[in-house]
Amino acid sequence: MTQDPSNTSMPDMQSSADPREIAIDRVGVREVVYPIKLRTRAGGEQGSIANVGMYVALPHTQKGTHMSRFIEVLEAHACEPITPEQFPGIARAIRERLNAQKAHISASFVYFMKKKAPVTGIESLMDYKVTFACTANGTPENDDFVMTVAAPATSLCPCSKEISAYGAHNQRCEITASVRFTGEMWIEDLVEICEGASSLEVFALLKRPDEKYVTEHAYDNPKFVEDIVRDLAIALDADERVRWYAISSENFESIHSHNAYAELERKKV
Amino acid sequence: MTQDPSNTSMPDMQSSADPREIAIDRVGVREVVYPIKLRTRAGGEQGSIANVGMYVALPHTQKGTHMSRFIEVLEAHACEPITPEQFPGIARAIRERLNAQKAHISASFVYFMKKKAPVTGIESLMDYKVTFACTANGTPENDDFVMTVAAPATSLCPCSKEISAYGAHNQRCEITASVRFTGEMWIEDLVEICEGASSLEVFALLKRPDEKYVTEHAYDNPKFVEDIVRDLAIALDADERVRWYAISSENFESIHSHNAYAELERKKV
Amino acid sequence: MTQDPSNTSMPDMQSSADPREIAIDRVGVREVVYPIKLRTRAGGEQGSIANVGMYVALPHTQKGTHMSRFIEVLEAHACEPITPEQFPGIARAIRERLNAQKAHISASFVYFMKKKAPVTGIESLMDYKVTFACTANGTPENDDFVMTVAAPATSLCPCSKEISAYGAHNQRCEITASVRFTGEMWIEDLVEICEGASSLEVFALLKRPDEKYVTEHAYDNPKFVEDIVRDLAIALDADERVRWYAISSENFESIHSHNAYAELERKKV
Amino acid sequence: MTQDPSNTSMPDMQSSADPREIAIDRVGVREVVYPIKLRTRAGGEQGSIANVGMYVALPHTQKGTHMSRFIEVLEAHACEPITPEQFPGIARAIRERLNAQKAHISASFVYFMKKKAPVTGIESLMDYKVTFACTANGTPENDDFVMTVAAPATSLCPCSKEISAYGAHNQRCEITASVRFTGEMWIEDLVEICEGASSLEVFALLKRPDEKYVTEHAYDNPKFVEDIVRDLAIALDADERVRWYAISSENFESIHSHNAYAELERKKV
């Protein structure tokens, strides 16, 4: 383990031997709040604030890990704009700096996309919850990177529409997709795939002609929570980059105080 | 201050004098999770679990309060079934036990009401968030008791209905009412007043004939967030028990990822 | 599928065929808030309020599940006092009522244990977060029941103690254990095992002699987050009822605004 | 009210008259997530993401407000770097665009400050929760701006230290200060005042010599939750810019599962 010059005169308890013979799967820090930069699909940059967890596997022989080193690695990387391709590099840097067999990092942050209202074309920003997670075990070709996005959307109940003389209950839902993929996939790509599976995407800014459009369009496109995950599965099955996915939709039912939920996981061969 | 026999041999720092001459408005404990019992309007009892905060005013002369005594008072009262009338008694007990000028307690808990589905009459339980809060200052006739309930409900947008050829966006909303009142008022009374101001109340259990009913009924009864608080204000204005109210509605818009909100406070003369 | 008499005159869209050929792993309801009763180790009963999720596997041939039936099953079982042994019966009831291959239920609730302060013996209630989860697939001997408890505790840093002339930073931590087990295991058993792995358990009510005791006792018993999970692993390894465990500790560091964390999963052979 | 050209052909329900004669204190949007820029005390800029609420007072004569206009105002201002001096300008812009008597905006965001570890001087970023809130009523000299910061810190119990042979329980606390002030006050100024009232400030990155320092320094500087708010009050009393403050500290007790709390509000003459 690299000697840290600032610590030379003090005992390093963490590096001492541990007699219990119990390896620890993951030890580290979490709820670390840090600014990050992201490269956008359009070629620009976007700042965000991430909630970060960083962990290493601890061998059964060692008493503890060195928590401050996680923050040092983060500090060293936080200023570079990140893409899904570059993110695993931070996991590898943790692995090396902590002298570990395996390292894991996950960073959850808000990501904005500019959207045009469907009729007036007025632009506004929509916020999405995104998580980048990566495990590095020393063979970069085996780095396990998972990208997750959560997109709010509208769901309109097909049963309510079918059995009612008029109207149909609808509500906000949250559609989540985690993917493992090959090649290049942007946050924007995955958000659009998620939104495409809903009754209708949502917007931050709608004028009246837009509101008429979204109301009628959702009514024309009713979906159970089951339909949303199935249509999302079909879209991800058709996307050749995607090797694995875990998807869900949670519908905040307007007629109940509880939520409807469906989930599905699939590894392609 | 009453001598606590278990503590005789140790210095009581909290009781020592403080030279800074700064009185503290409220000092105490919060996030205390404790089981409570409530008397129901129908004459029964209902158990719940409260998140409790208990505080006293600390005079400028005293260094600290005795935190453990709050828990002792709670322990002594937690087994009695509580009604809005009896709750101020706990505030008075804190005031006395802590030897304070003023004491405050707030307890937030889930409360259940059995509801019948509107067509089939099938029964299920709906959960509501309730808070009892009371400040006692030594003159029981001035005890300041505030009851708050939060009821989920449906809101259906009048503008969306008006401008669209069919359909109307709707969503879950949360209607909140805090009241000061004279005489007897049950949680159930206030919940029903809140639900009455919405496009439609929500249920835990609806069969298909019920779902048809609630869909059509909400469509027949569109309300902006402004309409909900105004109709709720009218109902509370008409209730002679109510002396003061602060009300709000937050609508979890199905076409946006943000919420619509309105609030209103009124002291009757 | 059983015909529901209340629905006879209306189309049952959920039961119709689905052409997409995509089975859904889990579909159902969540954030259902419901009162439950629990049997205690001491032979009594305790009421609580559960946050419940209930799901079934949906075959690729069927369009949707019948959400209202989950609530009906819950309604039918909520009044019986539950133990870990009886909980899988609810999962089986969901499976049957929903006519599904596989059903899953999880219920998260607060559970209280009466504790005596270490010196004065004064009693108070401590609250713990508990989750019961069960998957039923039609062969009761394969019911997969997992019990999880989260216990707050104190952790005191060995490094801080070692390198400092006096004092040592300490903080509240949350120790979590999920277990699969054979035979009888009570919530109380698992809570005590978790608390035994910390620097010291915490209490709701401590008088000064107790506070002296816990301060000194924690200082005498320093533990890294790694030590907590290792000592917990040793205790669960030694417990012959336990067949599998996943454990963690999250320490809310008093010298940082982020947390230290360790986790470990083990299936015994 | 300004005619919006995109809406000409559709009825404007919100602008219609309301017969109920009930004015609404605040109506608008909340949980709007939007990127913002802040000017720093050091003369630079810092990006953040705000959770925004925007409201207007609605006269008793008008049926509803125009929710989309709030987002338009935000969109127009979000790109300019904000200081406490410039923030009221957004409240005024809402008031004008919505044609209202009174407008209110609050924006809550994370703000970072670079800190040096106390011994090694190693730098890292600390995150603070900040809220800017402003009400504008048409006379700019009466704009009511309130700045709030929440700073995590360490608190060490004086009683535990006094009565114990060694050690002292300590924990993370959160110190919050809301202020109204005259002249120029930076987020950094208020954070430093809050941290100065604790047993010790916290850091994201500490090496062993730093950990020794903070452990011993906190032990040398014990504070009850009462001491923290009193010392903070003294500091704000001495600051001539501050005209009003509301302050609190919540200590996440390491020996309990509940928190200790104190609060204090003062308007200077």
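Letters A, B, C and D mark the chains as written, and numbering starts fresh at 1 in each.
The working rule: a contact is a pair of C-beta atoms (placed from the backbone, for glycine too) under 8 Å apart; a residue touches a chain by one contact, two chains touch by 3 or more.
Keep in mind that this is a model prediction, so the values were computed, not measured.
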If a chain touches chain A and chain B alike, it appears here: C, D
Tell me which of C-D and B-C has more C-beta pairs in contact. C-D
Turn needed to bring chain B onto chain D - CA fit, degrees, nearest 5: 180
Farthest chain from chain A, going by mean C-alpha coordinates, please. B
How far is the middle of chain A from the middle of chain C, if each middle is the mean of its Cα atoms, in Å? 25
Per the centroid of Cα atoms for each chain, what is the distance between chain C and chain D, given in Å? 36
Report, in whole Å, the distance between the mean C-alpha point of chain B and the mean C-alpha point of chain C. 28
Note: chain D residues in touch with at least two other chains are 10, 32-33, 127, 159, 163, 204, 206, 208, 212, 256-258
Contacting residues of chain D [partner chain A, same complex]: 4, 6-7, 9-10, 12, 32-35, 46-49, 68, 71-72, 75, 78, 110, 112, 120, 122-125, 127, 204-209, 212
Considering only the defined contacts, which chain A positions touch chain B in the complex? 126-127, 152, 154, 156, 159-160, 163-172, 200, 202-204, 206, 208, 211-212, 214-216, 218-219, 252-258
Taking the touch rule as given, give the residues of chain A at its contact with chain C in the complex, in rising order. 10-11, 13-14, 18, 20, 22-33, 53, 55, 58, 63-65, 67, 158-159, 162-163, 224-227, 229-231, 233-234, 250, 256-265
